[in-house]
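Same chain, two partners: subunit A is paired with subunit B first, then with subunit C.
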Partner chain A sequence: MSRVTVADAMPETCAVTTRGLSKRYDDEVALDAVDLQVPDGAVFVLLGANGAGKSTALKLLLNLERADSGVAEVFGLDTGRHGPQVRAQVGYVPERHDAGYPWMTCGRLLQHVAAYYPAWDHGYAEQLISALDVRRERRIGGLSKGDTRRLQLVLALAHRPPLLLLDEPTDGLDPIVRKRVLALLAEHLADSPTTVLITTHHIHEVESLADHVGVLRAGRLVAQMTRDALQRTVRRYRIELPDGWEPPRDLVVASPRAGRATREVQWTVVGEEREVTDRLTGSGARVREVTSLALEEAALALLPDDGAR
Partner chain B sequence: MSYPALHQTPRLADVLREQVRAVALALRTPALVALAILLLGSALAIAEFVTGGGPVDFAPELSMVPAFVGLLFPIGVWKGERRFGTSFLWLLPVDRQRHALAKVTAGWICLMLAVLFFLVWIFVLALATGGNILGEHTVQLLPSAVIPEARTLDPAALRPIRYAPQPVFWLVPFTAATGTYLLASAVALGSRYPLRWIVGVPLGILLVSALGAAADIDWLRFLASRLLGAALEGRYGLDALFTARAESLKTAVVLSTGKTVSVWRGLPDVREWALATFLWFGAGLAALLAATARHREHRPPRRPRSP
Partner chain C sequence: MLVNLDPTDARPLYLQIMDEVRRALVVGTLRAEDPVPSVRELAAELVVNPRTVSQAYRELEREGVLYVRRGQGTFVASGARGDRGEQLALARAVAKRALLDARRNGLGVDELVMTIREVAADEDTATGPSVPALNQSENE
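The block that comes next holds the complex of A and B.
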């Protein structure tokens, strides 16, 4: 699929900006010249199959990994030059389920991390601990995946960071806790001015929060746009095809639903509806129906069909 | 463009204070084990004293315990911390190299407190058993620093001297522990697999000696042992750091009468000890700085060319 760009107005201020950001691990490309723009105050969902480079992108933003080339900035701070200052602005939930030191108790770890963030809100931390049912006396080494994730969420949110980097934040949580976490996140966003960059395989979970979407495929950022632009430009077309019909060149077909043998097909096509309809009609096809898609469906249309989601 | 009010990074003093707390907590179990051993050793010493044995003397410069504690201390300091990769420590908003040094410093503070506690304990034990707290005793000094052949030394050639270590030697346990701690911390921080170095270096020395012996090359055969001898018992070797050479200057000789006695080749010298300590501290600090440089913040990559 070619790169999908939608001519929305450029955001005035970006919390996160990358330019030509590339990273390789030996022969494997993790990120390939990524130009990411996360507007200040946005909830930006970064989608991609496993290994598409989502976690690497977050690690580069925290200066935990070194980019091979390109620039990453968080609130205008070059992450390579101002790693500590950048990390002070960020609440990070890593993909891995380990939080701190196995020998420490949850309560001691919270106290430990609080010492590193002058903006730590003790009252809010207490609320989060209570809401997420984090038990202070438990040793971190003995926590389950879900328990660890809840602790990581408290650690990430309690200093009310201007930027949240959440890497699969609901992974390992049971449905009830997952719902509670999403509700907490919504409350947090309402109370604290925060930009969120979130990677997830479950876009429906964050559908109510997301306002921007980006798609990574094999390390390349193939799409980034507002939620409205995504839903406006990715639509399903029911098309009647004449015999011997050839599709117009450069038509970005995200997911054909039926083979060419049938006279009528349903295609998910990327592009402005009027333009797509005109091009299809001009090529001899008849557009029977155009339907808009839910956010998840529209976003998944931009992901590879064969990859895990 | 305007950005939201940005959060501050923590002050280095706050980071150090928190690291001292965290390291002290990490060392709680080994500290309890050490306390149990100390209690057991004290009980045995008191039992021996009560049953007619000698009292416990206080000779801080002779105790190698702090040096070995310093060697093992980084294991506790870095307990549960992945030093390479995405470690929890590196996620926190502190310059990585400074953060590593803050943790090492926190460990050093705990180590010094542990050494102080150990010395106070032995001092109290010496007082309780009526031991010599000034470490004053009579030593038999050889006429020269060269150890004579067995049965060649006339007992009359030995010079009995009343020797009391200078008070500055009370610092030896602290400096010895610091020196070994710096070197061990450098290995722990600089190497992804420290055990390979710990096992590999002695194995390498053995291998060189064995190769020298197999090939009948004398200089190669003795190279390792000479280097090792200089590093351990040389004028500025590890023994100078550990005990101000109180151990290596002491030896046993067989007198012409056939009697074996403990003699000294010389007396510990403050200047030599200070220089040895300075050299080992320098080596330890250089190694530590090189090791922490492996964890420094990633430098920014080259900027992409403008289109």
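The block that comes next holds the complex of A and C.
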């Protein structure tokens, strides 16, 4: 599928910009010439299957790994050259749940991290610790996945960084805690101006918080646009077909679902509604119904359904 | 005020919030000088970016539906109430949804309208009219 871009009025400043960012691990392409733009103040959800390159993108932004080529900038700082300055401005929830320091207690790690950030907000940290039920006396090595996530979220949020990079932040959380975390995030954004880049393969888990969506497929960023543009661009069409009908060429059909016996098909098509309708009508088909899709369905239309990365 | 967002609704979230506020005015659950939830509260409740709520409030302020009292919060303007225009806009939205559903089921407009009247009449004889009618001033 060709790259989908929608010329939405992009705001002038971006918290995160990458140009031609590429990374390989041996023979495997993790990121392939990615031009990512995360506008200031956005909640940008980077969607992709497992192994699509989402975690690699975040690690490159933090200079935890080196890009093979291309540039990554956070607040205008080249992350390859200013790693420590960039990391000081970022709250990061890593993909992995084994946060290191298995012998330390949660309380000790909190102290340790607090000392590292001058902006650490002790009062806020206390609120988060109690809201997320983090137990100070417990040893990190003995934490469950969900426990670790909650601790990692406190560590990421308590210094109120201008950028949050959250790698599958709701992974391992039960639905009730997940809801609480998302509400906490919304409050956090209301209290301190923050840009958020969230990676996930379950877009419904971050629900309505997303206002920008990017789609990574096998290391390529195949789409990035506002939530509104995505829902406008991907729609489901119920089409009545004449006998011997040929689909118009270049029609980006994400998910054909044929009802051959009834001469009616239901397709999810990528493109502006008027244009798609005109082309279908021009080809002799009759568009019976156009429906909009929930964000997740619209985003999934941009991912392959064959399980390929 | 209860605000519900429909995840399958492709309209921008800030428009959905605006419509919910207008709906609350029309049905009377929100009245002049009532406070509306803070941006922070509503954002946390709906789990949306607070900027989305701000945008909705800002638009409603521009339309004269809401106003900000410094340091106290956002309130419903005294002139704001569910007027005829808003009522009609809501009715149109309901009609569109019904039509869409009807077409999907192979029903025509006449069939739909007639059946709505029949069902409403049945319900009225069973329980008496409970919902304020929309057709108080049909001709305008």
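The rule is simple: the second predicted complex is superposed on the first by the 302 of 309 C-alpha atoms of A that agree within 3 Å, B and C clash if a C-alpha of one lies under 4 Å from a C-alpha of the other, contacts with A are read in each partner's own complex, and residues count from 1 in each chain.
We take it that a contact is a pair of C-beta atoms (placed from the backbone, for glycine too) under 8 Å apart; a residue touches a chain by one contact, two chains touch by 3 or more.
Every value quoted in this text rests on a predicted model; they were computed, and no experiment measured them.
Once the two complexes are overlaid through subunit A, subunit B and subunit C fit side by side, free of any clash as defined at the top of the document.
The larger set of touched subunit A residues comes from B, when the choice is between subunit B and subunit C.
With both structures placed on the common chain, the touch criterion links A:277 to neither subunit B nor subunit C.
In the superposition on chain A, A:179 contacts subunit C only, with no contact to subunit B. When both complexes are overlaid on chain A, the residue A:19 reaches subunit B alone and has no touch with subunit C.
Of the two partner chains placed by superposition, A:37 touches none, neither subunit B nor subunit C. Contacts of A:64 after superposition: subunit B is touched, whereas subunit C is not reached. In the superposition on chain A, contact of A:170 is made with neither subunit B nor subunit C. Residue contacts after overlaying the shared chain place A:78 against subunit B, while subunit C stays out of touching range. In the superposed model, A:209 makes contact with subunit C only, not with subunit B. Superposition on chain A places subunit B within reach of subunit C only down to 16 Å, the least C-alpha distance between them.
Shared contact residues on subunit A (touching subunit B in one structure, subunit C in the other): none found.
Those residues of subunit A that touch subunit C in the shared complex are 41-43, 179, 182-184, 186-187, 189-191, 207-209, 211, 227-228, 231-232, 235, 238, 288-289, 291-295, 298. On subunit C, the positions that touch subunit A within their shared complex are 5, 7-10, 12-13, 39-40, 43-52, 100, 103-104. Residues 12-15, 19-20, 33, 40, 59, 62-71, 75-81, 83-85, 87-89, 92, 94, 96, 98-104, 108, 112-113, 115-119, 159, 161-162, 193 of subunit A touch subunit B in their complex.
Taken in their complex, subunit B has these residues touching subunit A: 1-10, 14-15, 17-18, 21-22, 25-26, 79-81, 86, 88, 90-96, 297-304.
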